[in-house]
Structures are given as C-alpha cells and as structure tokens.
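Multiple structures are listed underneath, in structure tokens.
The same chain A turns up in both complexes below, where it pairs with chain B and then with chain C.
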Partner chain A sequence: MMRSRPSIVLSLLPLLIPFAAVIGGGLAVTVLQSFGLVMYAYTYEDMLFAYRQLFSDTWFLESAAFSFYVALAATVAAIILGTFFAYSIWKLPPRYHRWTVIYKIPLILPHIAVGFIAVILLSKTGMLSSIAHQLGLIDGFDAFPNLLYTGTGIDLIAAYVYKETPFVMVMVYAVLSRFDRRLVDTAEMLGSSQVRIFFSLLLPFLMPVINTTFIILFIFAFGGFDLPFVLGSSNPGMISIRIYEYFFQKELALRPVAMAMLTLVFCFSLLFIVFYLRLSQRVEKGVRKL
Partner chain B sequence: MIRFSLLFSLLFAVFASPLVVLALYSLSSSWSYPQIIPAQLDWRSYAYLAGHFRDISASLLFSCGYSLAAVTLTLAMTILPARLFARTDMAGKTLLEGLLLAPALVPPMAFAMGAHYIFLHLGLADTFAGVVLILSLYSYPYMLRALTAGFLAQDRNYTLCAQNMGASSFRILVAVELPLLLPAIVAGGIIVFLVSFSEYFLVFLIGGGIVPSYSGYIFPLLNSSDKSVASLLTLLFLLPPIFFFVLIDRLIYRLYRQRGLL
Partner chain C sequence: MRLFFYLVAAAVVAWQSGTASAAATLEDGFEELVRQARGSEVRWFMWGGSPIINSWVDDYVAGELEERYDITLKRVPADAAIFINKLLTEKQAGRKRGTMDLLWINGENFKNSMENDLLYGPISQRLPHFTLVDPSSVAYDFGYPVQGYEAPYGRAQFVFEYDSATLSEPPDSFIELRQWVQKHPGKFTYPSPPDFTGSAFIRQAFYALTGGHEQYMQEVDRQLYERNAPKLWAYLNALKPYLWQQGRTYPKDVAALDTLFERGEVLVNMSYHQASAQSKILQGRYAPSVRTFVMEEGSIYNTHFTAVPYNAPNLAGALVVADFLLSPEAQLSKNDPRNWGDFTVLELSRLDEEWRNRFKNLDLGSATLSLRQLEKAAVPEIPSGYLELLERDWEKQVLRSR
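And then the complex of A and B:
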C-alpha cells in the first residue's frame, strides 16, 4: 500500500519523539560530557582530558579486556548449551514438550537474583562445596577452590550462562519448530549419522538465529551492570563497575571519565555488531545452502 | 521415555534446582557447613516477611506499577510504527527499523547516564514518570518486534472490509486490528514487563532511590550476611510475573470463549 509522506511521518512520531529525546539526547549528552562539555558549572581546558586519563594507566584496558573475556566465554557457553538443549527438546515426542518449560525459570529471575544464587552456590561454604564434601571429594571448605570475586571471573561467567542459556533455547527452539522434520527422516534413511544430521542439516539452518542471539547476549553481558554489581568488585573488575565508580563515587569533576568510558563502550558495541555480521556472512558464503 | 526422563532431570538440575536451594535456605537460619539439608528448620525469615509486610508489599506494588505503566507506554509508542513497518514499503525502512531496534542492542548505561542529565533539567529525575520513561525507552524494541510480527501475520482483508463499510481509521484500529493483535501484544507485553520488573540499575539511576522498587528494596539484603531472608525475598521475585502470566492467560481464554473464538 502506498501511503502519503505526512501520514508516514505521523505514524512514526509517537516513537520518534521519545527516541530522539531520550536515546538520541542521552547519547549526545554522554558524548559531549566525555569531552568536558555541558558539564554543569565545570569547564575543562583540555577537551580530551578524560580520554587521556583513561589511557594514561592500564586499569581501563584491563577492565575492558576482562569484560570482553567474561562476555565471550559466557555467551559461547550459553550458545552451545542452549542449542544442545533446544535440539534435545525438539527431538522428543511433542507430548513431552510442555514438561520442559522449567527451563524458563531463569528468564523470570532478575539478574540481581541470579547473582545472589551464584553466591550461595559457589562460595567456599556454599551448596556445591557442601555437596562436594558429602561426596567425599574434598575434606573441608578450605579445599574448595575460590570461585567468587576472582580474576578468573568464573562466578560472573556461570551466572551469565545460567541466565542466558534459556534465552538461547527460546530463540533456537522457535526456529527449530519451523524446520521440516521430514528432512531429518530422509537423512536418516540415507544413512547419515546423528552427528552429521546435526552439523550438516540443522546447524546451517540455525546459524542466522544463533548469530543474532550471539550479538544480543554478548553486548548485554559486556555492558551489563546488575550482575557484576551483586557479585562485588573483583580485580580487574567489569567495565560497567568502573563506570559506576566514576559516575557516582568520585567527585563530579571526574564525570567526563565515566562518560568517556561509556562512549568507548558504545562505539565498541557498534563496531562489534558490524564486524560480527561481516564475519558471519563471509563464513556462511562457504557453506552450502540447502 | 528414558530419554525424556534424562533430559528432564538434567534441565531440572541446571535450571530449577537453585530454587530448591533458595527454598531450603529460607527455612533455616542456622546452617552449618557441610549440611545439605539444614538440621533445623525455622520460620525466622517468614517472620521477617510478616514484620516488614508493608514495606515489601509497597515496593512490590511500585515495581508492578511502573512495569505495567511501561507496558502501556511501549504499546502506545509502537503500535502505529509497527503497523507502518508491517504494511508499507518506503525508502530507508530497513535502516530505520534497525535504528529503532538499537536500544535493545547497545548497553543501556550508554544512553541512560546521559539521559539522567536531561531528566534532571526536565524535572523527571527521581520521579515515577521518569522511571517509566527510561524503562520504556529501553524495552520498547521487544514490543515493536512483537507487534510488527503480529501485524504481518494479520489478514489484511479484515481492515479492507471495515474500510469498505466506512469505518474510520481510529475505529478500525480499536475495533478490528487491536483485538486481532492481542496475542502479539501479550507476547511483547510479557517481555517488557519482565525486563522492567527485573531491572535494578535504570530504576536506581533515574529513580534516585526515591521511587520505591522491589529490586532496590532487596539489593542491600542480598549482600548482607543473612542468607535466609535474602533467599526468601529472592523467591518472592517470581510471584508477580507468575501471577500476571496466569491472570492474562485466564483473561484471554475467557475473552476468546465469549467471542466464540475457542
């Protein structure tokens, strides 16, 4: 249907006005303040002072690298686990499917709740440690490895995997339910193995949704705040916690440093999306389409 | 059957067992390592719940309030754009759609901290309306996607029929298209509600601790040494979403029965 230009604009206004004011305006203020502009009564001689401060020391790059590592590890694990679970559910006879809804529990749990669960499960005197002791695997809580608040980020990764895997399952299952099962039957009749069916038949079909999910979850974990905030500051600490410290806990004059980090995180997110989409397109060109 | 039992046990162990642990913790104030089941059950955390009933229910109500307001506002913001994206071809549509879905992709901190400055000047900081607005701007992409898919799945002939019979475009939207869109509204609304209800940081940043919220109420307790109360209050997080899921499910079922659609 062709519609006149004014009616198109009118339809978009209810969304475009708040979008421009809050998202556009918010981002503009973030970028401007990172250069020391519109900073209340403060004026800065050096517009790049915040960026110079970030790169004069190593903590910023260390935190950024740590966030990258946690987000990458958690998202890769969640994608693999979620795809496997969704595929397993899909292969079950349909009458069992509704019983598997328990996997949606973490979707309802807020991130701060998941962080708390990670603490009670993973701490030295926590549930996993108790179970390990009862099974005779360790002698006491001293023997249980330090999993919380360490530079390995195991607690953050585990919590993100718990929270993100069901999301992957929902996304992948939705696509799988549109897949023609007769193709699998045909492949089986022609004698191909289950492994081969999964990797050559289903996985190429799932790649688009896996790519979308990967981008959403990676950026969420990379820039997420709630979960690292509950799990406390580890060293080097997630980038979002550093931003929080500069925004709320240091003097107002240092706020441009927080805004500079946000600007860089934002630019990185955009670059990551573009780079990932390019890469996945290039990889998929080599794959034979059905 | 064996395969199902295996998979179900695995899913239960991975996703549901933490809730069992929370329930056990909530029933015990003295839990000494390395017990798996607490040796002594007590109801101290439930007594805490009863003692702080007013604070807890008030913060839960506020959280539900701004979350439901965000659902309403996102619906109002996205319904016309969704119809436009589903039905009209125009130059730059893909780009515009991508741009408008962006708030779900970029870290919300990036625009929220700048938006806080704007909200301060508009008098929206530390207000209920400000919280609703920031949550809506963060979560509307889910509503937009759900509604666009809903409009795409809709049979255009209903709209054409109504047009031919002379209904105004407002009447078509309210009497024809919205009822048909109900499943998509529910799907998008559930995600917007969950995202808003779960959010801690945005509510804390824009609400400034003045707008009450359940996540703000529970947060200091999560880091306290009292794991028992924190466990019980964490489990409480599940109640409002489940309550609304069941309510909506029942309501829609009844509505469809009344209209003879089921």
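And then the complex of A and C:
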C-alpha cells in the first residue's frame, strides 16, 4: 500500500500544486510572521518576542487548557451519544428507518445558527424564560437560571454536542449498516448478553470510524471560531477568540503574537493526531491479543 | 551622434511627460479633479454595521454625487481592520493599482496605515471645503499627527443611555456609578476591551479617577501610567462582583450590550455616538423614553476621517467625494438624527449666517443632549500608546483577577 507510484503523483499534480501553494504558502507566512519576519514595515529585535509574550503570563495556557477541555468534553459526549443512537436506530425494524431522518436536522444547520438558537432559547430574556414567566413558573427574568455566559464552558459544550451528535450518528450508522446481522443472531443464540454483544462484537468493528470521527470533531472544536464567537465568555476565552483579538483588534505590531498562537495550535493539532492514532493502534492490538 | 542626441531628448521628453501626468492629480486645481472624476466610480470602504448610516450613504450621498458630479458611489461594507489588512497585503505584493478609492478610518487603523505608508497624501489642504474646518481641531487622531493624510468628516462623543421610565436618576459621575452598581447588582456591565466602546469606557474612567485628561496629552509617560493605573483597576474591580454575570464574563462588543439593554437585562447602556439612542428610538428598537447622559468628569469625543489608499484607482473621484462629505449640505444632512445624527466637523463661525442658523436650529431629538451640554463635557481622546497599555493591563488586572 505504501509503494511509491510516481505516475499517481504525476496525475495528482494539477490538484497538488494549488493545494500546496495555498496551504503551504499560508502556513509559511504564518510561521514567518510569528517570528516577526515579513511583518510589513515592522522589525523586531527579538525573533522570539511573540512566543515570549505568550509564555510570560498564564492567559495563553489557560485559554489553551480551556479550549482543550471544551473540545474533549464535547467530542467524548457526542461520540458516546451518537454511537448509542446509531446503534438504537440500527436495531429498529427497517420500516422505521426512514423516520429517523429527523435526527439529521442539526447536521444541516451551520454552527453559527446553533449558537443563535441557543441565545434565543436559553438567555435570561429568551423564549424559555418568557414561556416560564407566562406559565407563572417564575416571577421575572431575574429568576430564570443562568444558562449562558457562565464562564464554565457548559454552554459551548452543550451546543457542540447538539451539533456534532448527528454527525457521529451518520458516520457510525454507515459502517453499522455493513455489519453482518447474522453474527449478532449467532451471539444471541450462544447466550451473549446485549451489553456483551455491543462491547465485544460491534464496538471493535466500529473503532476505526469512531477514531476518525473523534479526530475530525476534536480538532474542529478545539480551533472552532463561530460558536465561541456567539456563546463564548471573555475569561478564560477560547483560543480562537484570542487569536482573533490579536489579529484584528490590537495594534498591528502585535500580529506576530496571533501568528505564534496559530502556529502552536497547528503543531498541537498535528501532535494530537499522531498520538491519538498511535494510542488507538496500541489499544486495538491489545484487543486482538486477547 | 545626432541620433544619440535625439534619443536622449526623446527620453527626457518622455520622462517629463510621464512625471507630469503622474503629478497632475497632485498639483491640479480642484476643478480639474472634478472634470477627471466625471462619469467614474468611487469605491468607499467603510464599516457597515449600522443600517441608518448605510442608508444615508446609499441614498443621500450616492444620490447627490450622481447628480452633482456624475460619480457612481459604491459603498463596500467592511471593518477597518480588515481593509487595512487587505491594503497591507497589496502593498507587500507590490500592487500598484488597488481596488479601494476611499476609506473610513481613524485611531489605531490610521496609525497602522501611516506606519506602513499605506495612504496617499497629504490630501486635506486640497479640498476646498477644508477651509471651513479649524485645522487645529483635527491635527491629531488619538494622539497621532494627522499631517493632512486624512480628511475629517464627522465627530462622535461618548454618552451613556438609560430608560427614564425605569430609572429616574441616572448615576452621572463615576463615584455615583459605583454606588449605583453596588446597589443594583447585575444591572450594569461594559463591553470587554479591546472592543471600541468598552475600551473608551475604561479610558474615560481612567481620566475621571486620576485627575483629568491634561496630564496624558503628551508623549506616553510610563511612570505616570504606572502610578495612576492602579486606581482604575481598583475601581473596576470594586464594580466587578456587581456587574452582569457577576463580572465573570463581559459582552464581547457594544452590539451585544445593546441587546442586553434592549431586553432590560441591564439598565444603563453606553455608546460612542451621542445620537445613537435617538436613531434607535426612531428605528423602534428603543422605547421613546430612553435618554442619554454624560459623566460630570467629562466625556470623550473623537473625529472620524476619510483617507485615500496609496494605490487608489480613482484618485480624483475619491478626493471629490471626500470634499463633498465636508460640504455644509452633507454635514447638515448627516447631523440630522433622522439621517444619522453624526456631529459636524465644521467650525460654525466659518460659515455664513444662513448655514450657521440651519445648524443651530437642527432638532437633535429629545434623547440627544444639547450641543452645549456635550461641548461642556467634551474631553479629547488619549494617545494610542496609553490606549494599548490600558487594554493590555485590563485583561490582566480586571478580567483575570479573582
């Protein structure tokens, strides 16, 4: 599979050149500017000034840790829920399957729309609060619980879970539908419990797609901008919002700081993929040995 | 030999005519510019976040330009930081002919442009209507010398907004504000700097708590700043537990704060535009009982400007538009709160009797303070060096302090 095939490379060239120019060019400028190079009319004595600025204080690490926490919690929850729902649908008699299209609705909503829906429904003066007030459950909007902008990230996590669970369902269901049901029947005949069937028979079969989905969702949530822009709190603040502030809202001479953050996010995402794949391979090998 | 002479002569003539045509737009009188601009298109890049401003530009300005000068005005909505960014990229790529003719900028973006030679100029002395402006009133933009590289076109002043139906006596000094906020937990907040309005709010508190603006008008004095800034942080931290969401988070921009105010989640709002409340009443977004006030200690004003990029494809058209925006007609129309309510940059004593009266008789609406009240409270913007220090340290000393 890993044999080098020059003819394939050659035939891909028309596609690779623009890809390399756009991604590679953008990446090169980002890295160079993070070291204070090609920064228009500005010159910097210390090439590492942006990186020093990031680590001279704790805000950057706090923001990074917060983004990591939000992305991890949201992705784990979405994977568990999505896999469970996909499995439940798969177990339904086939005549019900076409009704399950309903779960795909959040899939077609853009992230920013999910953010606005959350604001309209959940804010202190939002629709739920008005309904509760009309029903006489609360005296006024001050009595409505604080659900948004709490600084704990729970609002962001909930919005990501709502948005990503259907994506997990689609991915997992596609693989499940290729699974040979007769294996399940056999296991049942031999007396396996449903739990055992799920964890020992289906889950190992699903792990490759779960791993891929996990990486896609985690990387996206870690660097995502739209939901944090609508729902995010100012402290500690998601890393993408920090980058935006340094890129657009502060003095131009500080742009290397934004570029340094982008560079670090990129490096982190690469490392994360490598470690995750290594780890999942090791776990799978362990499973096979059993 | 003779051939050589002819060649040199031809080269000299060509070179001279080349420089002459390039310099034509710089030296020619304004009439020549108007002639060149006829039938052309001017692309004006400006902030597009206010529907009322947009329709003033699209209807009034574009209509008048079409009629008077046969110029087609194209308004391109974009944040200043974004088009300055685009201009920087064009400069770095060596693009001689750009896509933008006129920009609406001020403050930090102007400084960024000047530091990178992005603007064409000086331009303001070439605009006939600039004679109606007091040049000393527009010599600095956030402490950065303007040197004629941008032409003034409007003035905005910071005001607070409240609904007189729910709040009878607004807290109109920073000391009273603190008492009021502590008595009404959760009913006040400010946009988190570096948002433009939130940043102006902390600058204003900085002036008020440290003995006025005069001491900051020179070069940035680090010692003075280090001595005075702790007073501001102490004040803002005293407010913090009583702010909206207990100060754990702040609205990310003034639009988010406006929404909270509209819905009644906070009772006091702020705007870096004295007529914004009146416009919002006219749009039906605010209750008619909304009023504005300024702090006793003073309220910051700033001037906004138009500038021409170094690679503007339609230089003549851009200058004609910049001049039209400075004309008494355009300034008066802009000053009307039904159109926008933005204050004029003209010096009224330089106008003739008739125009002076028209400005004086303008009905600013009951939500807008009178010119006299605003003028009395007006204090200039701080040099941008201080602004950067304040924004940076606010994060450390207020946002992240526990």
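The rule is short, and it goes like this: the second predicted complex is superposed on the first by the 253 of 290 C-alpha atoms of A that agree within 3 Å, B and C clash if a C-alpha of one lies under 4 Å from a C-alpha of the other, contacts with A are read in each partner's own complex, and residues count from 1 in each chain.
Just so we're on the same page, a residue touches a chain if its C-beta (ideal position, glycine included) is under 8 Å from a C-beta of that chain, and two chains touch if they have at least 3 such contacts.
Computed from a predicted structure; not experimentally measured.
Touch criterion met: A:Leu107 reaches chain B, while chain C stays clear of it.
When the two complexes are overlaid on their common chain A, residue A:Tyr149 makes contact with chain C while staying clear of chain B. With both structures placed on the common chain, the touch criterion links A:Pro18 to chain B but leaves chain C unconnected.
Once the two complexes are laid over each other on the shared chain, residue contacts for A:Ile131 go to chain B alone; chain C is not touched. Within the superposed three-chain model, A:Val38 lies in touch with chain B and with chain C [touch as defined at top]. Of the two partner chains placed by the overlay, only chain B lies in contact with A:Ile216; chain C stays clear of it. Looking at the shared chain after the overlay, A:Phe49 reaches neither chain B nor chain C.
In the superposed model, A:Gln249 makes contact with chain C only, not with chain B.
When the two structures are aligned on the shared chain, A:Phe84 is found in touch with neither chain B nor chain C.
If you count the residues of chain A touched by chain B and by chain C, you find the higher number for B. Judged by the document's definition of touching, chain A residues 38, 125, 141, 229, 232 lie at the interface with chain B and also at the interface with chain C. Residues of chain A that touch chain B in their complex: 1-3, 8, 10-12, 14-15, 18-19, 21-23, 25-31, 33, 38, 85, 88-89, 91-93, 96, 99-100, 102-113, 115-117, 119-121, 125, 127, 129-131, 133-134, 140-141, 162, 165-166, 215-216, 219-220, 222-226, 229-230, 232, 240, 243, 247, 258-259, 262-263, 265-266, 269-270, 273. Those residues of chain A whose C-beta lies close enough to touch chain C in the complex are 38, 40-42, 57, 59, 62, 123-125, 141-142, 146, 149-151, 229, 232-236, 241, 245, 248-253. Considering their complex, residues 3-4, 7-8, 11-12, 14-16, 18-19, 21-22, 25, 33-36, 76-81, 83-84, 87-88, 90, 96, 100, 102-118, 133-134, 136-137, 140, 144, 194, 197-201, 215, 218-219, 222-223, 227, 230-231, 234, 237-238, 241-242 of chain B touch chain A. Against chain A, the residues of chain C that register as touching in their complex are 79, 81-82, 84-85, 88, 91-92, 108, 111-112, 115-117, 186, 192, 194-195, 245, 248-250, 252, 263-265, 384, 388, 391, 395-396, 399-400.
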